[in-house]
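Have a look at this one.
Letters A, B, C, D and E name the chains as they come in the text, with residue numbers starting at 1 for each one.
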Amino acid sequence: MSEPFEPKIVAFVCTYCTYAGADLAGTSRMKYASNVRIVRLPCTGRISPMFILKALQKGADGVLVSGCHPGDCHFAQGNYHARRRWTVFRALLAFTGIPEERIKFSWISAAEGAKFTELINGITGQIRTLGPFEQYQELQKVIETQSTY
Amino acid sequence: MAKIGVFVCHCGENIASMVDTAKLTATIADHPGVTVSSEYKYFCSDPGQETVKKAIRENGLTGVVVAACSPRMHEQTFRKACAEAGLNPYMLELANIREQCSWVHTDRDEATEKAIEITRSLVEKVKRNNDLKPISVPVTRRAMVIGGGVAGIQAAIDIASAGREVVLVEREPSIGGHMAQLSETFPTLDCSQCILTPRMVEALQHPNITMMTYSEVEEVDGYIGNFTVKVRRKARYVRMETCTGCGDCIQKCPVKKIPSDFECGLGNRTAIYTPFAQAVPNVPVIDRTRCTYFKNGKCKICQKTCQIDSIDFDQQDRIETVEVGAIVVATGFQVQNTAIYGEYGYGRYKDVVTGLHFERLASASGPTAGKILRPSDGKEPETVVFIQCAGSRDAAKGVKYCSKICCMYTAKHAMLYAHKVHHGNSQIFYMDIRAAGKGYDEFTRRAIEEDEAGYIRGRVSRVFEENGKLIVRGADTLLGRPVEVVADMVVLATAMVPQPDAKDFAKRIGIGYDEYGFFNEAHLKLRPVETATAGIYLCGACQSPKDIPDSVAQASAAAAKVLGLFSKEQLEREPVIASVTDATCAGCWGCVIACPYNAIDRKDITDRNGNVVKRVASVNPGLCQGCGTCVTFCRSNSIDLAGFTEKQIFAEVMAL
Amino acid sequence: MGIQEQYRKEAAELLSSGEVKLVIGYGEGSTAERRRPVFVRSAEYVSRLVLDGSCVANLSSYLVPEGLLSDGKKVAVFLKPDGIRSINILAAESQLDPEQVVILGFDIEGGQAAPLPGRKASDFTALIGSLKSAGLSPELQKDADRLEQMSASERFGYWKEQFSKCIKCYACRQVCPMCYCRRCIVDVNQPQWINTSSHTLGNFEWNIIRAFHLAGRCVSCGGCDRSCPVNIPLRLINHRMAKEALDTFGHYAGESAEQQPVLATFRQEDPETFIL
Amino acid sequence: MTRILLNSRLDDCLGAWRSAGFTVLAPVKRSDLTRFDEVQGASEMSLDIVMPERTIKEHFFLQTEPLIRYEIKKQQIETEEMVPPERKRIFFGVRPCDAAGLDIDDPLFGWDYKDDYWFRRREKSVIVTIACTSADDFCMCTSVGLAPDSPKGSDVMLHPLLDGRGWLVVPHTDRGKALLEPVSSILLEEAAEPAPVPAVPVKFDVNNVMAWLAEPANFESQLWKEVSQRCIGCGSCTYLCPTCHCFDIQDEGDTYSGIRRKNWDSCSFAMFTMHTSGHNPRNTQSTRWRQRIMHKFNYYRGKFGVNSCSGCGRCTRQCPVDMGITETLHEISNLPR
Amino acid sequence: MIYNPFPMRVVSKREEAPGVRTLKIEFINQEDHEFFKANYRTGMFGLYGIYGEGESTFCVASPETRTDYIECTFRQSGRVTTTLANVDAGDIVTFRGPYGNRFPIEEFEGRNLLFIAGGIALPPTRSVIWSCLDRRDRYRDVTIVYGARTVADLVYKHELEEWKQRDDVNLVLTVDPGGETPDWQDHVGFVPSVLEKVAPSPDNTIAVLCGPPIMIKFTLAALEKLGFSADNVYTTLENRMKCGVGKCGRCNVGSTYICKEGPVFTATEVQAMPQHDL
């Protein structure tokens, strides 16, 4: 048997809460799976659905989008706007067959290093079980190969 | 093309023990566009920073990635180093391989691989960074304080005393606000007017304070450092410049039986009046709706009386435009109309009054000259029942929140009553006693222990009249039995609510408000006196119910914020702001609606002849805080956010 | 007088009185079943106008491009309720002044065109309100349900097959009244968010992002679906978005000319069951 | 004597061709769309339709064609040309109009600089056409000088038999003749009567049209605005056209590597001719529609001696707003002169 | 195959004017270079590219007499030019070409030459200018009229200086009214009106004219007024192109494929094209 599958997970986070929460996990020397790659943004309001699609194109098996809890946004409202977009975009992705298990959303505050740790471990484990997102990655592979005829 | 320098920090052993820094350095050295890739024990140390600076200078680097700790830790350090080496400080990215890599992983190979990916993706990002310059906004170093209550007065005096001009706007004829109506103040029982009026006079006489009483803010335009405020100066019909405040006109005015708002209707005023004797400015106004001359065209007694011809019936409201750099909103509160509690009989029984009524009764300058006399027959009440939370903490009929001051002022009332009516019996219905504050709990203990206020834990279900007495029926929830108190007077500790026009006002000046109409602070904990609109600050009870010490403290805090803003002629801001591509903007205004800071305006694009060819969105750099919500909304991708541009993030993701 | 005659007469009056400069309606198409958009600028040509149960296209999209309304003059247009809703959205998004649009409203009932009273978009507020209460199309929901019942992987397979047919002709976009952007997101090339090539990945990205951009704005007129030369069931994906907007945010696209965009606003109490 | 392919022997025939190394493509209906795709047997084919929605053009001029794979390295850029495989293909059941379309585009892809992406595929492909026995309201081959059974572009033409048993097999090129060799034993030699071709009415006088278009003054005619008023500027007519050949070249990939691709493009799109300066010679839909008509019935003929239209009628059949070449040319040919 | 470009190495980069840069690039492969040397003639163009961004079309700005390298000058505007503007010496770019037709400079021999250029359109003219100046003895009087919006917008400033110093070149510079600097010594005015003052006799003179469409229009009228025959006036058209080899259908004006039959045309030929398609 080959090595167990290690998923690639991309996280889009706001700098004020979740990024700080991830830092706290670090300063507290908590341990979590190394599968996640964090992209830092000023606010969840800045996180465009395109980011998620591009992460999938680059072979992400899972995506996490995370920011401040409602009411805690450094920019007062960014996460409320983000929440609406996520609600809609998530429904859209699910409807087109992108499994909900692969696209996760969370609120993680600057104090929640432990929650960040648990979440990353949880998601990594879950996606490890699901296996690679071959269906989407197949679309990219097709582009890269010469046409059949 | 790009010349990027990558500096891999060991952070002692913090990084090096878990990340193979040599491998990271070597791998990145091979990445397109990387000119320098080096490692060092502590790049944040002086020699470490020197290494970075030297590399920038010697190689003409166009961008720098420091693979080290969190940007929250050392971004500023390395930005400064870049700037000192002649590189734009925004051409720097920190790859967080400590907090988010070496410290949280346990497998060296995995951590190294991750560190390589993080660093690589930030190399691709930094290649697309742009030279950014801090935004300079000129600051008009004059403030406006809206509201002349204790908070507004304090803020105005603090700012003015620091040498900056202040325009203090008050819509009533006099400053003073609610505090001027109070008798004594808790927890010291010093006379409210005695401590307030010197402040009012100080404000009036302060060379840096321009006072605009009987005036209202109509419109606020502009942004931090550069507001243009239109103020309606309501016609006073008395010339401010000449009036000496002698009061002859008031004495002679034939219309005498107008219930005074200041006295909560317990006393009367004339048609030409000052709200109270110590009014500041001590210049009367004519109540146009009550004045005989304005009603019938005849009278003018005041004019005849005035020896210096200060009455001017021809005055009109006028709009004055004021340029200010900052605005402090201190518009205060209102007392909730307790008529919603029909069961308490307010409005039906003259002797059921609000706390504010009681203040006037207890005030030495009040309608009873400080004697506690019940309104119905002017007799001294033998038994007074105080009902706390008559509106507060009552989601069904009143408001959900705690008004914060009622426990204290009810205790104060009981004490004042005890001091003035020695044989009097006071009974207080309460839910809890909230007495957190310096000297507060001691104060309530005093009311109970020394002044024998009776505290009954429970709610009042009904107040009704029987044989000329008020019967207060309720439950004692501690003893678990019904109680009935026969009282001569009932005082309701009514809720503090926002000014009735608070929401309209907030919209007019462009700040947020909560479900009740209290104004929203930028951050409840960390930015409590700022609003989401840069340059507009809050203090006092317009933000939430507050007592005097809190209001004054917040006023001084707001003043400190204003003075901080005014400490420089130019306001320097992080250049992480949005900007619009005019050519592609479709003018749907979604961004205008979405922006939490009202930072996006509509801009006309004109042709050479000045004809408007289209309207596009335009970001006001003074107001934009850089959240990027507009960028994500924009369907045609016509807005971008400096520092986190679409190109940068695309590259960062596509390099992962 | 049948509805066609009646509306021809009204069109003629609008034109001859000078109230409108143009009437956009339907005319005979190249086959008996087809109707095509026609533009009538003079009362003498109103006989070109046809109004019957085959008049299904949402003509509101002709009002937006190339400065048709920039002279401030009025244009009359034949619109079904979906088209009237489009006018409301276009007005809400400042793309036109609803005062310039004279609506010749009709609906199709039992395969026949039936008149709707009213002239201005605001005259139809009650009608649109009742449509909102009636809910979204149950037929579409049935089709959508069929997809919802599949496993995610089957659904992915379904859409992959559908989007593999896409040729990126952009008929869906061009026919849509909501696609008025001066530069479409697919034409943004710095960076190239959406792969312009019409391989399945690029097609997938294009169709998903277009659906997202239509969330809370699509009135389910079906224009994109009918226009698609390769028969991609775009109606389903747009219906799904409309359903989300309505169920979750109570937002029914085009309720009024003052309606705010669902994705530029929020309520603090918006549901968030899926957020960890 | 003529040669006959019986319905019942079609699978044998396909089998023989496949054994000879050919891949067979035929109209296949899948997911509500008919297009040419690889088939294993006759049962997969949809031959009883007027024509597939998509043309065989897409198998020669790909809607997205990878040209060059590139990888950006620190010191150099590695590239690899993505050369189309030379696969022997049979297109079975092509309509005469689609076959003619390939013929029409050959000179364009071949003049001066030869586009091998086209010709490598073209040279290894054999076009087996089936003459039409039905037509719809949109067919217009007869208006452009072709017919439901014209052999232009066909290597072999099959004429359906009147009795429905199969097809009359007529090779028209050497390549066609060669194709019949491996299946000669499967074909019958007997006399048979082909089914009549449908009467496709002539919708415009193409000579009139060409003369009018060639008149320089008509470039500025009001007609262009009138006929294009409802055009929404999508690319469906150009993308479904068997002869339209415009394309774009785009690089696509991540930050280090990717593929340069040749993608279909359309003269209907507003940005098609936009200069970098912002100047756009064809900045309205009417000028773009004029270009399309002029190109097909005036300019192309001037260069390559043939009109760039084979009369399939897809431009109208699938137009979202019921426009198309037929209507415009009908208007032109009926203009008073 | 036909869309495969030549890899090129950037030799140097020069800032000409705000947003305008010149790249000097050289062939990496010998055989590519040989092909270029054998085929390049002044007036031709190429597609300059950078992998990951795409290709963009501009003329070859260097003359056919100097084929050790290629120079191109462009304004930074789109995706490709923005990236090309940021390359440095040593970076790899690509070149596809040379494509198109040429200025028939052999036919110009023995005649006076009048070069007229506006703004960013000096590069194609410059290629012809040097191709002729490098064989100066074959031509008679050489006059160059070059104008730009402002002094800063003039490109090839060092070469303008060189031409100014030469006795055998008559250089006339002009900037649009308002575009002059305090120390500007040359003309102020639009090219057509300046041209009317300084133009040589049309007798035995060939005019080469490059500029934005609006300038071409008015300058052609001026030349006509001066008595130039449209057959003796040459210009280049810069349409949008993607393939450069007559396939992609983008550059067509009427029945003309600008990429193959152009970009060099006589005024007579240009006037025969449908004007509203230009």
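Just so we're on the same page, a residue touches a chain if its C-beta (ideal position, glycine included) is under 8 Å from a C-beta of that chain, and two chains touch if they have at least 3 such contacts.
Computed from a prediction, not measured in an experiment: that's the story for all the values here.
The minimal number of chain-to-chain contact steps leading from subunit A to subunit B is 1.
Listed by label, the chains touching subunit B and subunit E alike are C, D. Chain pair with the larger contact count among C-E and B-C is B-C, by C-beta pairs in contact. For subunit E, the chain whose average C-alpha position is most distant is B. Distance between chain centres (mean CA atoms), subunit C to subunit D: 32 Å. Subunit B and subunit D have Cα centroids separated by 70 Å. Put simply, the C-alpha centre of subunit A and that of subunit E have 51 angstrom between them.
Centre-to-centre, using mean CA coordinates, subunit D is 39 Å away from subunit E. Annotation for subunit C: residues touching 2 or more other chains are 190, 192-193, 195, 197, 199, 263-265. The residues of subunit E that reach two or more other chains are 78, listed in rising order. Counting partners per residue, subunit B has 594, 633, 650-651, 654 as the residues that reach two or more other chains.
The chain pairs satisfying the stated touch condition come to A-B, A-C, A-D, B-C, B-D, B-E, C-D, C-E, D-E. Residues 583-591, 593-594, 615, 633, 635-638, 646-647, 650-651 of subunit B are the ones that touch subunit C when the two sit in their complex. Within the complex formed with subunit C, the residues of subunit A that make contact are 49-50, 53-54, 57, 70-71, 77, 80-81, 83-100, 104-107, 119, 135-136, 139-140, 142-143.
Residue ranges of subunit D in contact with subunit A, taken from their complex: 23, 59, 62, 65-66, 69, 82-85, 87, 89, 121, 252, 254, 259. Within the complex formed with subunit B, the subunit C residues making contact are 93-95, 180-185, 188, 190-193, 213, 260-261, 263-265. Only residues 1-4, 7, 51-56, 75, 77-78, 81, 92, 212-213, 238-240, 242-243, 245-250, 252-255, 257, 260, 274, 276-278 of subunit E touch subunit D when the two sit together in their complex.
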